[in-house]
Amino acid sequence: MKKLINSPETVLADSLVGVAAAHPELRVDHVNRIIYRAAPTRAGKVALLSGGGTGHEPLHGGFVGVGMLDAACAGAVFTSPTPDQMLEATKVVDSGAGVLHIVKNYTGDVMNFEMGAELAAETGIVVSVVVVNDDVAVEDSTFTAGRRGVGTTVLLEKIVGAAAEEGRDLAAVTAVARQVNESGRSMGVALSSCTVPSAGKPTFELPENEMEIGVGIHGEPGRRRVPLAGAAEVARQLVEPILADLDFTGAPTIVMLNGLGGTPLIELYVMYAEVRKILDAAGITVARSLVGNYITALDMAGCSVTILKADDDLLHLWDAPVNTAGLRWGI
Amino acid sequence: MVNDTISLDQLTGWLTRFRDLVTEQVSYLTELDSAIGDADHGSNMTRGMGAVVERIQASPAGTVDELFKGAGMTLVTSVGGASGPLYGTFFLRVGTTAGPVGTLDAPGLAAALRAGLDGVVARGKAEAGDKTMFDVLAPALDAFDDALLVSSDISSAAGAAYSAAQTGRDATEALLARKGRASYLGERSIGHIDPGAASTSLLFQALAEILVKE
Amino acid sequence: MKKLINSPETVLADSLVGVAAAHPELRVDHVNRIIYRAAPTRAGKVALLSGGGTGHEPLHGGFVGVGMLDAACAGAVFTSPTPDQMLEATKVVDSGAGVLHIVKNYTGDVMNFEMGAELAAETGIVVSVVVVNDDVAVEDSTFTAGRRGVGTTVLLEKIVGAAAEEGRDLAAVTAVARQVNESGRSMGVALSSCTVPSAGKPTFELPENEMEIGVGIHGEPGRRRVPLAGAAEVARQLVEPILADLDFTGAPTIVMLNGLGGTPLIELYVMYAEVRKILDAAGITVARSLVGNYITALDMAGCSVTILKADDDLLHLWDAPVNTAGLRWGI
Amino acid sequence: MVNDTISLDQLTGWLTRFRDLVTEQVSYLTELDSAIGDADHGSNMTRGMGAVVERIQASPAGTVDELFKGAGMTLVTSVGGASGPLYGTFFLRVGTTAGPVGTLDAPGLAAALRAGLDGVVARGKAEAGDKTMFDVLAPALDAFDDALLVSSDISSAAGAAYSAAQTGRDATEALLARKGRASYLGERSIGHIDPGAASTSLLFQALAEILVKE
């Protein structure tokens, strides 16, 4: 394992020191491993809290700031944070208008956030929850863990953050969150696994001529291993299942081409070109684009495509100013 | 000699031995999780049980409920992931059901463990055959209960539970996962032992071992 | 080689299609491989042109936009663009106030830009040049190719872009560029080489327990191969030569912790934490921080540190609004 | 038979043969550049000479200067990097010095090549021993000139030049680079043949081969 770290045990704590040093506009609680905006939640503003395992940076800490999250709880690498973190963060960010928990649909995240929300409710804080489950690689069923939460999380945090910033109330903010989750779909591909620091070696080995289609963001194997293909063919394998799952015609869409951490930007742009060709051919209108590393899996090589069916309100919220380490415009 | 009770010291020894086993097997647990999960189960369990034993050593529990509630809270607040709430809830329920006692008799232990299992199910909604820790916990407790029908010897009941746990663990290999991270793999989850099933088997190994030892 | 591309020959062209699709605020000349702002240069504004080999994204194309570059010429992977590209871009961006060429100090880049500037001068356009040479890994000498241009290029394009946007004239803009170059120093480390698409395999192999200290941005070996170390020690090996080369005390500094393309953000923050500890101990004031992938070497794993000795003017220019794909704030 | 002139056709054949050689040796040139540079010299030369020959085939040159100026311009505008301007300037100067003729005699070719070398030096400021293409170009042209003092046979002069080119190329291995990308490596540049030196040796191999062939 080759990593720029001090030790597997200290990765999270050390990286939080770096975040604090680089971002005076954030406040880091090193004991509870929570990243907050430096300024407290404006009275009356619904607060947005998210969190998850470390290793997906900039998600979620990189999306704390004006126009997006109020706080993010950080867990160990690929491990959900714990209920006490969620309780603490919820208490700190609540201004009285309630707190929306944005949870990616993984058993661990759901259970830990659930316990955190139960504890927070006991203190009288109104907590509302959205569970993001947008990964079309996974069959949806109430008898299983359901779909994973992946790329749509990024778009949701941005859009819902803007809704909260505008002063919408908890019900309205939650409704926007649900709408975004129901309208977003993602699919990912890996050319390599990643190396979890504490594991010390790649989670799986992938031969030179193969790729994993339908991966999430935890360096796990995907739905199937297939021969490595060119960018155009890979784009087809990612976009087709998304389009088969939801009709994206007749509405403006927001499209994200996301890198999984080990893939350089130039390849992401090559992929984005191919994705756009497919969407153009399918008569889908792309109103906004985002290309880069936004929700990653440590050093995994690969990418994911997220398509969100938007409307005027969502586009308006998307365009609203945002000032975070990972996404910034208009401010 | 028949051991028909288990003392606070022995229960403390159980947790300590469980810590030792997950620490020894950290790579094995993580390798299992690499195949069908996210390669962290070994470090999750080691971190959690390490914290549990540290806490016990810093301030030893005075009663059984204190011991297990402390362990459960420590797991809940130090592990995260799926295993944190599940193991945490298990021990919290074990503690609540055991109550503020210094010793448990065989039925008392059985009832506490069963409450733990119920907690795991309440939290995780797993059913038999979903390829989770449930598939070790449930048959192990059934074997424990069955053994107690024959004899009140906790030691041999723990042996029976461990034996059922191993069988349950190995049986997860053939299952298609329907809960947890492995379910994302669909058919590809078949052919691998579930990491949580393996760590739960270690939990019963620890219990059997500390009872035999004495 | 595992890459999300269609073919080694088409990487550049395909990625430019992606850039054009993702960024309506840019205009891409696919024939000449030049990225422009969509809007022409404001009359009287000095224009900034840079360019270089592909593979360093977001540099340079990702820094075209209000507050930074007016255009960027793209060459083949790790290969300087050609004089005809620089001529064309210079002609297009000149508004009459002259054009500053920002050139990284590599033989190829210097020669090609030189020829491009000669051709532009023949058309009557006033061209001024700054050659960035900030890499302390390389000994400076007039008898050699001198120091490489690396991380300072990013800071320079931002700061000088703001100076041009303010309406300073070509002489003043060039003076700022020179000041930044003289005040910036960088040093890089690699944990792996990268794979040049046309070469099809890594430029060099690095055993599990070794790293290359003093690398540039072309996947090349560094000054020396040393045992792999923890983040704190790596930071020391990067920062010490920088501090030995220039006195950074008594002035506000801008510090960039840059990823080389294959290293995830979390490791960059871990490294930034260590760099800051060293700077704090050395009594150096860090006024602004930048952590991320800004000047990369394809999929090379590793990072570089850049420290710029600033002053009030440079900080003011740094803080000025910028709107590019790679750097954005205030707008 | 003494070949004391070289025709436009032969010179065109030279460039075509050079294209073939760099294409055949693309991996070799890139491997040399991987060791002490950025792994692109093979693809740079192949792309550039490919464009040169395509251009020649699309519109054959009528005179020697047209041929080489066209080749030089094509290299300058299609290669980039260090080799583009250097090889480009070389051929541009060769063309300018050769002039609008259909054939070159031996001294004419020698003078044109020498002008090319001067162009490379003017552009790149390399000196002997800097470990660049200069360390092949200069000794090869010296050998060419020396051979012409003995005989006006261009074919044998080209053979002598190629032989000197190979010696020059191999001698770069022991040198410490002072120009170009390899100079960043300092001492570590020693022990590797310079990629530009290797491609320039192919240039003289091509010349020797097309003259022998006929």
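Think of it as A, B, C and D in the order they're written, each chain with its own count starting at 1.
Keep in mind that, in the parts below, contacts are C-beta pairs under 8 Å (C-beta built on N, C-alpha and C of every residue); 3 or more make two chains touch, one makes a residue touch a chain.
Computed from a predicted model, the values in this text were never measured in an experiment.
Number of steps on the shortest path from chain B to chain D, with steps defined by chain touch: 3. Centroid distances built from C-alpha atoms place D farthest away from chain B. The mean-CA centres of chain A and chain C are about 29 angstrom from one another, to the nearest whole unit.
Remark: chain C and chain D have CA centroids separated by 32 Å (rounded to whole angstrom).
Computed centre separation for the pair chain B/chain C is 54 angstrom, with centres defined by C-alpha atoms. Listing the residues of chain C that touch chain A in their complex gives 1-7, 11, 14-19, 21-23, 54-55, 57-58, 62, 189, 191-192, 206, 208, 211, 228, 230-232, 234, 257, 261-274, 276, 286, 289-291, 293, 296, 298-299, 301-303, 323, 325, 328-331. Residues 30, 34-40, 42-44, 47, 76-86, 123-124, 178-181, 183-186, 188 of chain D touch chain C in their complex.
On chain A, the positions that touch chain B within their shared complex are 8, 53, 75-84, 106-108, 111-112, 115, 137-139, 143-145, 148, 196, 198-199, 203-204, 216, 218-221, 223-224.
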